[in-house]
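What follows is a set of structures for review.
In the two complexes that follow, subunit A is the common piece, with subunit B as its partner first and subunit C second.
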Partner chain A sequence: MHGATLVATAVPSPYAATADALAVLVLLSEFGMLRAPLSRSQVRLYSFQSLVVTGLAAFVAADRHIPGLYAIAGISLVLKVVVIPAIVLRLLRDARVELVPSHRLGVASMVLLALVAAAFGIFVIGSMSVRSRSLPAPALGLAAAAILVSFLLVILRSDVVSQAIGFFSLENGVSVASLVVAAGLPLIVEVAFFFDLLVAVVVFGVLMRVHHERTRTLSTTVLDRLRG
Partner chain B sequence: MLGGPELNPTAIQVLQVLTIVVFAPLVSGVIAHIEARLQGRRGPRVLQPYYDLAKLFRKETLVPEDAGWVFVLGPVVAFVCYLTVPMLIPVLTAYPLPLGYMGDILGGGFILALAGFSVALAAAETDAPYAQLGSSRAMTFGALIEPSILFITFTVALVTATDLPYFEAAAARASLGDVLRPAHLLAALAFFLVVLNDTGRIPVETHASTLELGMIDEARTLEHSGPLLALLRWGAAMKQLVLYVILINVFAAPWGLAGTRSAGAVLVAIPIFLGKAVGVGTLFAVIDNSFSKLRLFKITEFMAAAFLLAVLAVLVLFLGGG
Partner chain C sequence: MAWDLMTLLVAPFVASVTCWWAPVVVGRAVSVAAGLLAFVLAVLLIPSGQAAALGGWVRVDPLSVVFLVAVAFLYLATMVFAVGYVRPAGDPDVAARYNRRLFAGLNLFCWAMVVAPLMSSLALLWVAIEVTTVISALLVAIDDTARATEAAWKYVLIASMGLGIALFATIVVYYAGSTVLGNGYELFVPQLLAHARAFPPQMVRLAFVLAVLGFGTKVGFVPVHTWLPDAHSEAPTPVSALLSGALLAVSFYAVLRYFQVAVRTVGGTFPRDVLLAFGIASLALAAFTLSAQRDLKRLLAYSSVEHMGILAIGMSFAAPIAVVGVLLQVLAHAAAKGTAFFGAGSVVRKFGTKDMARIRGGIGALPWSGPLFVLAVLALSAMPPFGIFRSEFLIVEGGLSDPHDAVVAILVVLVLLAFAGLSWFSTRIMMSPSTGPAAVARGEPSAWIVGAMLIGVVALVVLGVHPPGQLSDLLTRAAAELGVPR
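So, the complex of A and B:
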C-alpha cells in the first residue's frame, strides 16, 4: 500500500483480548438494560451482567494467581447473579405489573445519547493512561462507560425497577473498575462493598413496595404531581 | 496441503465468480428447506430455486405501460454488479487474487449499493404503488444502515492499516488475540446485523411474505416478470451469498480457504465454503423462526443496535487495547 499512513493497532494477547471482550459484554448488557421494554428482561440482563463480572473476576484470579478474587467471585455469583435478581423478580411478581411504559425518549435516541456518554467515559479514561498489573487498561475505560450509561438508565427511564437496576448495575461497573485498579485489595474491603449493595437492595425493595402501594403503579412520573 | 496442478490466478478468479453464480440458488434452496423443516413443513426441494429460474427464463417479459428502458436495464445492471463483487472478496483463496486489489471494502460496498440503487430505480420507474413503496423504503433503510457499515470499515482500517478484506481475514488467522479482541468481535456482530438487514430477514422483513404492506426489498420486484424477474431473483440469491462470504471469510470464520494455487486446495475450498454458508444460513433460519418482525417504525431501533456495536468497536480500538 503506497503512501499508507495508518498504523495497525497492536494485537492484544489472548488474555487481554478476552478480558476486554468480557468488559465490552458488561457495557453491552448495560445498553440492553437501557432499552429493554420489560422490567423482567432488565432484571435478567442485570443477572447476566453480574455473571460476566463474576466470570471476569474468576478469570483474573486464575490468570494472575490472586486467590482472594475467587472468594469475591463466589460471593458475587451467589448475591448478584441469583439472590438480588430473585428478590427483584419476586417484588415484580407481587406488584403484578407487566409493562411500565417508562422511556423518556425514543429507543434509538436513547442509544445514541448513551453512546455519546460511553464515548466520553472511554476517551477521558483513555487519556489518563492508567497501567495495571491485573487487567488491560481498556477495561477501565469500558467500566467508566458502563457507569455513565447506568446513570443514563436511571435518568432516562421513569420506573422504580429501572432506578433500582440502574443503581445495582452501577455497582457492577465499579466492580470491573476495581478489578483493574485494585485487584489485590484486601478481602475485607471488598466484602464491605457487598454489604453496601445488600443495604441498597433492602432500601430499594422497600421503596418499590411503598411506591407501588401508594400509587398502584411502578412508574415514577406520578411523583411530581401536586396533591391538594 | 492438497496437490494437483497449479492453477492460473485468472482461472481461480473466474472460479470464484462461478462459485457464487452457480451455487447461490443452491444455498438459498437449502436454507429454505431447513427453514421449512424447522417450522414442521416438508418444504420445497433443495434444487427448487434452479427450477424457478429455468421457468422464469422461458416466460415472456411484460413491461408496464409507462416504464422505459430503466425498468429493463435495472435488473441487468444489478446482476452485473453482483458478478463484480466476488472478484474483490476472499471466496476461495486466503491470498489476494490479481483483481482483489481493484477495490477495498468500501469499493465492494459501493458496487453493492449501485446494485440496490438500480433495482430501486427500476421499481420506481413503474407506476405501481407497491413497487414504489418498496423502492422508497429500501433506499431509506439502506441509508440508515450505512453508518454502521462505515464504522465497520473504520474498524478494519484500524486493525489492519488497510481496508482490504483479505487483510482482516489474514489478521484473524494470524493470532488468537486478534480473533478474541473486542473490536473484531463487535465488528463481526455488527456486520451480522447488517447482513440480517440486507438479506431481508426477520426482524427487519419477513422474506417469504406475500403481505405487501410489510415488504421492503421484496416489494421492489413485484412488477417484473419473466427473464427480468429471474435475473432479480438470481441476483438476490447472489447478493445473499456474497454477504455471507464477507461475514464468514472476512470476520466470523476465515479458515478453510485455499492457501496455495494447487487445483486440489482450491477445489476443496468450494465445498468447505458452501458448508459454512449453509451453517450461517441455518443460523439465520433459526433467528427467522424465533423472533417476530419489528414494526416498520421500530426498525430504527435495530439499526441503532448495529450502529452501537460498530461504534463501540472503533471506540475500544481508540483505547489502544481493543
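So, the complex of A and C:
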C-alpha cells in the first residue's frame, strides 16, 4: 500500500514549535538582508534578527530554567539590537549614502543560491543525531542554514555595510546554534564572546569609515589593486 | 599562583598602554623590555613545561610552551627591529603620533598572541585569536594608504568569517563534551582530553573539520589563504614579521588542540587525512606561485603559505619524529621568517620599493643586513645548518617511517620547487650588480635592524646545529601529547 508510507510523525510540543518558528525567523531575516537594496533596511533587518535571537535566549532561559541565559539575553539586547545597528546607521548617516548598487547577481539568482545553501545546511546538519536539552534539533540545521546564507551575503554583495552585516549576522547564526547545543556555556565565556564582538564591531566601524574617507564610496568594487 | 604566567598575562598589555601615553623614547624602551621579559619567562617555562594559575583558566603544557617560546622570541626580535624602523622624515608631531600608535599596537598584538597559548579553555582560546585579528587588522591599515586599507578590509572580513566558523567548531565541540561532562563545564583542554574517548564521533569529526577550516583561514591554508599575501605585503614590516612568524603559528596551535581531541575520539586517520589535504593544497599553490611574484614581501608571504602547508603535512604522518619536526619548524620558522622580513624591511627602506625588478645589488648596498637576509632566505629554503633543515629532515624521516612514501615524494618535489622560486628572486636582488644610473649609497638604515637580524640568525643556527637539551626534551614531550598511533 502506497498510503502506508505516510507515517504519522509526533506533533512537536508547543515549546519545540515556538523555538523552531523563532529559528525560522532568523533564517528568513537573513534572506531579507541578502536581497534588501538599501543598506539601512539591511541594518534594520539585522536588528530585528538580533531581537529574535534575544527572544529565543530569553524563551529558553524561562522554559528550561537556565538563569545565566537571562544575562546573555540582556547583553544581546543592548549590544546587538541597539548598539551595533546604531553604530552602522551613524556611519551611513555620516556617509550620506542612500543606495549602494552592490548586487553581484540578480535578486532571483541570489535567492535561488541562498535556497540551495540553506537546504544544504538544514538537511546535512539536521541529519546529525543531536540530543539537546535546551532546543529541538531542527533549530541547529536552521542555524547552519543562516550561517551559510550569511556567507552568501558577504560574497554576493559588494559593499562594506553588507559585508560587515554579513559577519554580524553570521554571529547571530552561531548564537542560535549555541542556544541549541551549548545553552549551559559558562557565563564568563559568553561575556568574553560579547566583548569580542564589540571589539570586532568597533574595528569594522573604523575600517568602514577609513574606506569611505579614502574612496568616497561604500562599494568594494574599487578594492581591486591587490592581486596575485 | 604562578607569577610567571600572570606576568606574561599582564606585562605586554601594560607595555601597550605605556606606549600609547608615554614619549616615543620611553615607549621603545618599554617595548624592548617587555619583549625581553616575555622571552625570558617563556624560556624559564621550558624545563618544567607545566604551570597553571587562576583556577586552571590559565594553564600551559609542553605544547603551549613551544608556541609561547616562538611568539615571545619574535616579540623580542620584532621590538628590537621596530626601534630601527622609523617612518620616513616628515612632520615630527605626525611621526611621533605614528610611532606611539605603532608601538602600542605591536605590544597589544603580541599580548593577544602571548595570551592565546595560555588559555586553557578552547572558548577563550578562540576569543584570544579573534582579538589578534582585530588588532592586527588595524595595524595592517596603520600606514593609511589605499593599498593598506584594501588589505586590511579583506583581512578583517575573511579572517572574521573564518573565525565565525571556528566559533561554530567551539560550540560543536562543547556539545560533544557535554554528552559526557554535562552542561556548564569550562571547555578546559585537560577535561576534554581526559574524556574525549567517549565523545560522539560524528560531532567531533564535524568540530575538527570546522576548526581546520575556521582557524585554517588564519593559518593560511589554501583555499582560505587569500587575505594573507595582501596583509603581509601591505602591513608595516614589523607587523608583517609578527603576522607571518607568530600569528600563523598561534592559529595553527588552535588547530592542534582540536587535533588532540579528534585523535582521541575518532582515531588518527581522519584528522590526519584532513590536514594532509589542506597541507598538500597549500604547499602546491605556494610552490607554483612563488616563482610568479614581483613584490618582495608577497614572495615572503607565499613562503609562509608553503611552510604552513609543510606543518600540516608533517602532522599527517603518524610518527612522533615527524611531530617533533613540526614543532621545531614552528620555532625555526618564527626565527627565519622574522629575520627575512626584517631584511626585506631593510631592503625596502634602502631602495624605496618592494618591486623586485627594480632592486639590484642589495648585498653591496647593505653590508650587514644584505648577507643576513640571504642567510635567512637560505634558512627558509631549508638549507643546513639552519633550524628548518633539521625540522624538515625530521618531517621527511617521519613520513618515510610512517610509511607514506608517495606523500614524502610530493613534499620533497614541491619544497624543491619553492626553494627554486624563493632563492632565484632573492639572490637576484641581492647578488646581481646594480645597473641603475643612480647607485644606492652603501650603508645600513639602522643598527637596530642588524641587531634584530643577528638575533634571528643565531637562533636559527642554534636550532639547526645543536638545540639545547631541555628544548629537545620539551619538543619530545609535546609531540608525545599530540601523537597517537594510527
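Keep in mind that, in the parts below, the second predicted complex is superposed on the first by the 219 of 228 C-alpha atoms of A that agree within 3 Å, B and C clash if a C-alpha of one lies under 4 Å from a C-alpha of the other, contacts with A are read in each partner's own complex, and residues count from 1 in each chain.
We take it that a residue touches a chain if its C-beta (ideal position, glycine included) is under 8 Å from a C-beta of that chain, and two chains touch if they have at least 3 such contacts.
Keep in mind the model is a prediction, meaning the values are calculated, not measured.
After superposition on subunit A, the partners subunit B and subunit C are accommodated together without colliding. Once the two complexes are overlaid on the shared chain, A:130 sits against subunit C while remaining clear of subunit B. Once the two complexes are overlaid on the shared chain, A:42 sits clear of subunit B and of subunit C alike.
The angle formed at subunit A by the C-alpha centres of subunit B and subunit C is 150 degrees to the nearest 10. In the superposition on chain A, A:193 contacts subunit C only, with no contact to subunit B. With both structures placed on the common chain, the touch criterion links A:214 to subunit C but leaves subunit B unconnected. With both structures placed on the common chain, the touch criterion links A:14 to subunit B but leaves subunit C unconnected.
In the superposition on chain A, A:162 makes contact with neither subunit B nor subunit C. With chain A fitted onto itself, subunit B and subunit C come no nearer than 17 Å, counting C-alpha atoms only. Residue overlap on subunit A between its contacts with subunit B in one complex and with subunit C in the other: absent. Chain contact summary for the complex, subunit A toward subunit C: residues 128-133, 144, 147, 150-151, 154, 160, 163-164, 166-167, 170-171, 174, 177-178, 181-186, 189, 192-193, 195-196, 199-200, 202-204, 206-207, 210-211, 214-215, 220, 223, 225-226, 228.
On the side of subunit B, the complex with subunit A involves touching residues 157-162, 171, 174-183, 185-186, 298, 300-301, 303-305, 307-309, 311-312, 315-322.
Note for the complex: subunit A touches subunit B at residues 1, 4, 6-14, 16-18, 20-21, 23-24, 27-28, 31, 35, 106-108, 111-112, 115, 118-119, 122-123, 125-126, 136-139, 141-142.
Subunit C contributes residues 121, 123-124, 127, 130-131, 133-134, 137-138, 141, 144, 146-147, 149-154, 156-157, 160-161, 164-165, 167-168, 171-172, 174-175, 178-179, 182-187, 200, 202-203, 206, 229-230, 233-234, 289, 292-294, 298 to its touches with subunit A in the complex.
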